[in-house]
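Input: structures, listed below.
The same chain A turns up in both complexes below, where it pairs with chain B and then with chain C.
Moving on, here comes the complex of A and B:
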C-alpha cells in the first residue's frame, strides 16, 4: 500500500495524498489523465477496476472523486479532481482508461453539470433532455413539473474535444449510423426486468448497437438523503435493490458505524450475516425463476418461488415484513430473532439441496436451455473488470470479485465458504455460478445457525447521531455485486453527501458491448443472465 | 368473500343508488348483469411494474397466492389485451408519459389500481425532484391499495373491490361508450391531415 503511494508522490509531485482509511489523492485537473493511465498500467498500482465516480458540490467548487480498486493487489484509493467554475465546469474524462467511466461520468454530468472533456457521450443519463438545472447541486431550486407529453428525443450526442491550443470544442455526433434500422424495446417490456429501454440498431436479426435509456424509475434517493438524519436514510436501502435489502442495510449501517466508531455485539453480527445469506438465496431463487420464464420455462418460476416464500416466511416472523424489512439499524438490528428462527432455518437447509437438485434436473441439463445459453453473451475477464461487472456476472467471467473475500467485513473472515468462479463467461456460466452460490450461502447458514451467541441484539447509540467531519467509502457484497457507499460529513446530523454506487448500473452499461453481433432473440437471454434490477441502477 | 366482510360497503351502496336513480330497462338490465358477471370474473391485468410492488405482484401470480383462482387469469404484456393496469411502483417524471400512453392504449372499458404508497401519493419519495406525487394526475384511479409494498393478500382484496365495482356498473350506454372516430379526431388532431 505504502509503495504505491510513494511511487505516485514521486511521479506526480503536485498530488496530495489524504490520510483517510481509503486514501484520496488530490490532483490538478490537467494531470489527471496521466495519473489515470499511470494508476491503471503501473506494475505497483494496477488499479484496473473503477468502483464509482462520486460527483461533489462543495459550494465553492465542483468536482469528482474516482474510487479505484486493484484486482491484483486488492488495494483501494480515490482520486479527487475539482474545478471552481460553476457556470461551465469542465474536467478531463477517464472514459478511455476505464470503459465504465463513460457511464459514470454521464451520471455526474446529469446531476452536477460537469462536462467531461474527451467523453464520447455527454448526454443526460437519468433525466430528460429538457430537464432544467442540475438536481444534486446544493443551490438547485428549479421546478420541473410532471408532464404527460412524450419527452423530446434526440438522435445525436455531444462530445467535447480539447484542441492543441487549450480551447475546448463541442462536437455533435450521431448515436446511430445513418440508415441503421433502430428498434425500440421497452420501457414497458416484460423481458427488460423493469422499466429499462433499449434502442437497438439491427441488421436483419443481428444486433449492431444498443443505446440504453435509464431513469424511468429514478427517484432521487441521494438528494433525499441529504435532508434526512443518518438513521432516517436507512429505509431507502430496502427500496433500491429490494432483493438485497438486508445486504444494503448492512452496508450503510457498517459505513455509519465505522464513521461514528460504534462497536456492535457479536450476536448482531451473526444475525446480520445470516439475514444477508438468506436474502442471497431468496434473490438467486427469484433470478432462476424469472430467467427461466424469460427463456420459456414458466414452470421453474413456481418451483423456485416455493423456496423464496419459505425464506420470506422466516424473515416475516423476525422482521415483520415480506419485502421492505428495515431490519438492520445503527448499533445492531431492530428486533431480536423470532423464537422459531433457528428451527425454520434448519428446515430450510434441509429442503434446499433437494430443491437445487430438482432445478438442475428440470432446467440446467435441458437441451433447449443448453442451446440457448451456452456460448451466448461472452464476456472476457478483462472486459468484466474494465466495465466493472461485479457479482455473480463478473465471477462467471473468471474475476474473483467477491467483496466478502476481498475486503472481509463483519464476520465473513471467520467463515468457511468458497468463492464460486467460472471461466466460460457466457450466460450458462452466469446461471450456474448463481446456482452454486446458493449452496455456499447454505453452507454459511449451517455454520451459524447453531452458533448464535447470547448477548444484546442492539447496542446503545446516541439518540442524536453526529458523524465527525470526513469522508468514508465502504464496499459490501450485495446479491448482484459490489455495493459502494460514500459518506461525506460536515459534522452535522445529516450527511453532506451520500453516494450509493449500485452494482446494477455497470451491468446495464455492459449490455451494448456484450450483445454486439448476437441475434436479437439472445438479447433476452443475455439481459436476463446479467440480472440487473432497474430501481437499483436508477436509484 | 361475503358482503359483510368488505370494510367499505357505504361507497358501493352509494354507487348503486346513483345508478338506479334513472331506472333501468328490464332487458338491458338483465343483459348488463350477465355481461358484468362475466367481466368481473375474468379481469386480466397488464404486466406493469416499476419497482418493489412488482415483485409482490409476481408472488401474487405464483402458486402460493395464485390470483388465477379468482379469474384474474394471466398478466398480459400488451395493453391491448388487458382490462386493467395495476400501477405497482413509483411513477417518476420520465415514466409519466409512458403510463399515460399505456392507459390510452387499453381498450374500453378500462380500470386502474394504484398499488402501494408511491402510486397513491409518492410515498417515501414524495419530496423528491423526480417523482409524481400520486398517479391520479396522470390517469384516473378506481381502487387504491395502500402498503409499502402491499401484501399479496391486500392486492387480492384490492382487485376484489374492483370486480365488485364492475358488477354494479351499467355496461350498455355506460362504461362501454365507444368514441366516435370524428369525436376522437377533434380531440386528438393529427398534424397535416384534414378530416
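Moving on, here comes the complex of A and C:
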C-alpha cells in the first residue's frame, strides 16, 4: 500500500495523503482528472474499481470523495476533490475513467448540485426534474410540495464541456434519436422487480438504447440519518435491500463499532455471520424463483419459496420478524438465538442439497432455459469492474470481488469456503454462480452451527454513543454485491454524513450497456439475472 | 354402440310433423346454437377449474377450495365477477375494432365447435372438408388478436399482437402439415370419415412412426397456436404485462380468456380426432370381447375424456417450461418443425403406397 502512496506523492506533489485507515488523497480539481487516469492505469496503483462517490457538504466547501479499490492489489483509497463555489459548483468528471462514475456523479449532482464537467448526462438521478434545491446540502431549506401533476420527463440531457480556453459550456443532448420507437417498461411492470423504469428504444424486438429512471422509492435515507443518533440509523438497513437486511445491518454495525472502538463478543460474531449466510441462501432462493418466473417457468418459484420459508421461520423464531429484522445492533445482536435455532439450521442444511439438485433438474438443464440464458447479456471482466458490477453478477464475469475474501471482516477469515467465480459472463453464469453460492453458504453454516460459543450476545455500549471526529469507510458483502458505508463524524451523537453505497445502483446502471442489440425478452433475462433490488438503489 | 343420430333424427321428424321445413331448420339451428353456447361456457368453466387444480398440484398447493365442495363453484364465482365488471372506456383507440376483436376471437373458436366429433352421430355438421374447415376457421382468431393489439393504441399490445401474428401464422403451417399427414392416412377430409377409418385401430397405432412424429409436432404447434406456455410470448406476462389484451377489461377480457381455454380444448379435441379416434372407443383387431366392452362406454365420454387427457399434457407443458424467445420460437418452426413435417408427410405417403401401416 505504501508503494502507491509514494508514487502518487511523487507524481502529484500537490496531493495530500490522509492517515485514515482507508487513506484519502486530497487533490485540487484541475489535477483530478490526471490523477484519476494515473490511479487507474499506473502499474503500482491499478485502482480500476470505483466503489462509490460520496458527495459532501463541509459548509465552507462542497466536494466529492471517490472511493477506489484495486482489483489487482486489493488496496483501497479515497480521492477528495472540493470546490468552494456554492452558487455554481463545478468539478471535473471521472466518467471517462470509470464508467460507473457517470451514474454516481449524477447522484452527487442530484443531492449537492455539483456539476461534473465532462459527464455526458447531467440530469437528476433520483429526484423529479422539477425538484427545487439540493437536499443533502446543509443549508437546504426549500419546501417541495407534493406534485399533483403528471410526472414530467425530459427528452434531453445537459452536458458540460470545457473549452480549450478554460470556459465551460453547457450543451443539450437528446436522450433518444428522433424517430426512435420508445417503449416505456416500468415503473409498474412485473419484471422490473419494483418501481424501476426503463425507457427502451426498440427496433422491432431489438433494443437500441435504454434510459434508466430511478428514484420512485427514494426515501432520503442518507438525509434522514443525519438527524438521527447512530443506533437510530440501523433500522434503515432493513429497508434498503430487504433480502440482505442482516448483511447490511452487520455492515453498519461494523462501521460504527470500528469508529467507536467497540469489541464485540465471539458469540455475537458467530450469530451475525450465521444470519448473514442464512439471508444469502434465502435471497438466492428468491432470486432463482423470481428469475425462473421472469423466464416463464412459474412453478419454480414455489419450489424455491419452500426453502426460503424455512429460513424465514428460523429468523422469525430468533428475531421476531420475517422481514425487517432489525437484529444486529451496536455491540452485538438484539437478543439471543432461539432455543431450537441450531436444530432448525441443521434441518435446513439437510433439505437444501436435495432442493438444489431438484432446481437443477427442473430448470438448469432444460433446453429452453439454456437457450434463453446462455450467451445472453455477456459482460466482460473489464466492463464488470469499470461498471462496478459486484456480487454474484461480477463474479460470473470472472472478477473475484467477494468482500468476505478481499477484506475479510468479522470471522470470515477463519472460515473455510470457496469464492465462486465463472468466466462466461452471461446470464447462465450469473444464475449458476448464485446456485453454487448457496452451497458455499451452507458450508459456512455447517462449520458454525455446532460451534456457537457461550458468552454474552451483546456487549455493554455507552447509552449515548458519540464517534470521534473522522471518516471511516467500510465495505461488506451483501447478497447482491459490495455494500459500502461511509461515515463522517463531527464528534456528536449524530453522523455528519452517512453515505450508503448500495450494490444495486451499478447493477441497474449496467443494464443499458449489456442489453444493446438484444431482444426485448433478453432485457427481462438480463435484468433478472443481475437481480437488482429497487429500494436498495433508490435508498 | 349408442348412436345419437337416432335421437337427433327423432327430434327432426317430430319438429317436421307440425312445422314447415324452413321453420324446422331455423328452430334446429337455434337449438344447436343454444346447446353449443351452453357447452362452450360449461367447458370453459370446467377448464378454468381444471387448469387451476392441475397447476396447484404441480406447485405444491391445493388450488381453489373455498367456494363449493372442493372449490367446484370457484369458476362460476369468477365468471359472475367478470360479468359484472365495468368495461373501461378508453380514449384514443379505434373503438369499433377494439370492440370487434374479442368477438372475432371467440367466433373463431365457436365455429370450430361445429365440426368436432362429440359423439357417435353427435356432430353439428359433417361435410367432406370438415378438417379443412376447422383449420381455416381457427386462423380467424389471429385476426382478432392482431386487431386487439393494434386498436388498443398501446406499444405493449402492439408488440404482443405482432409477436402473436408471426407466431400463429408460422405454426399454422405445422398444424396444417401434420393434419395433412393424417388426412393422407385417412383418405378423407370429412371428420366423420376420419373417425370411421379408425374403427379398427386408432391412427396413432395404425400409422406408427409417421403418425407419432405428426402427433408430437401437432402437440407442439397446437400449444403454440393457443398462445400457451412455453409459447405464450404474445401475452408474456413478465415482458409485456398482458400482451395484446392489456387494455381490455370486464367481459371483453373474459372473452379472450374464454377463447384461450376453448382453443385449448379444440386443439386437444382435434388431436384426439386425428390420432386417437375422436369418439371411437379403443378397438384392437382380433380382441372382439375387449372391443365389445369398450363399446359400452358412451362415445361422448370417450371424446371428452381424450380431449381432457391431452389438454393435461398441454397444461403440463405450461407449468413446467420457461418461455421461448421470439427468434428461438420462429427458428424452431422454420428450421426444425417444418422440414421434419415435410419429410414426415413424404414418409407417410410412402408408407400408405406400400401398405406398411397396420
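Assume the second predicted complex is superposed on the first by the 539 of 539 C-alpha atoms of A that agree within 3 Å, B and C clash if a C-alpha of one lies under 4 Å from a C-alpha of the other, contacts with A are read in each partner's own complex, and residues count from 1 in each chain.
Note that a contact is a pair of C-beta atoms (placed from the backbone, for glycine too) under 8 Å apart; a residue touches a chain by one contact, two chains touch by 3 or more.
Note that the coordinates shown come from a computational prediction; the quantities given were computed from them, not determined experimentally.
Chemist: Taking the superposition as given, does A:302 touch the first partner, chain B, the second, chain C, both, or neither?
Modeler: both
Chemist: Which partner does A:524 reach: the first (chain B), the second (chain C), both, or neither?
Modeler: In the superposed model, A:524 contacts chain C only, not chain B.
Chemist: Does chain B (first) or chain C (second) touch A:292, or do both, or does neither?
Modeler: In the superposition, A:292 touches chain C alone.
Chemist: For A:190, decide between first (touching chain B), second (touching chain C), both and neither.
Modeler: A:190 sits against chain B and chain C alike.
Chemist: Of the partners chain B and chain C, which touch A:369 in the superposed model: first, second, both, neither?
Modeler: In the superposed model, A:369 contacts chain C only, not chain B.
Chemist: In the overlaid three-chain picture, which partner chain does A:274 touch, first (chain B) or second (chain C), both, or neither?
Modeler: neither
Chemist: With both complexes superposed on chain A, which partner does A:181 reach: first (chain B), second (chain C), both or neither?
Modeler: second
Chemist: Who contacts more of chain A, chain B or chain C?
Modeler: B
Chemist: Where does A:205 make contact in the superposed view: on chain B (first), on chain C (second), on both, or on neither?
Modeler: In the superposition, A:205 touches chain C alone.
Chemist: Going by the contact definition given at the top, which residues of chain A touch chain B in one complex and chain C in the other?
Modeler: 189-190, 301-302, 306
Chemist: Under the touch definition given earlier, write down the residues of chain C that touch chain A in their complex.
Modeler: Interface residues on the chain C side: 55, 58-61, 155-156, 159, 163, 229-230, 232-233, 236-241, 319-328.
Chemist: Would you tell me which residues of chain A are touching chain B in their complex?
Modeler: Where chain A meets chain B, its residues are 126-128, 135, 140, 144, 146-151, 187-190, 194-195, 215-221, 223-224, 227, 235-236, 238-239, 242-243, 286, 290, 301-302, 305-306, 309, 322-324, 534-535.
Chemist: Which bits of chain B are touching chain A when the two form their complex?
Modeler: The contact residues of chain B facing chain A are 47-52, 54-56, 58-59, 62-64, 77, 79, 89-90, 92-98, 100-102, 124-125, 127-133, 137-138, 148-149, 151.
Chemist: Would you pull the chain A residues touching chain C in the complex into a rising list?
Modeler: 181, 183-184, 189-191, 202, 205, 292-299, 301-303, 306, 362-363, 366, 368-369, 371-372, 519-524
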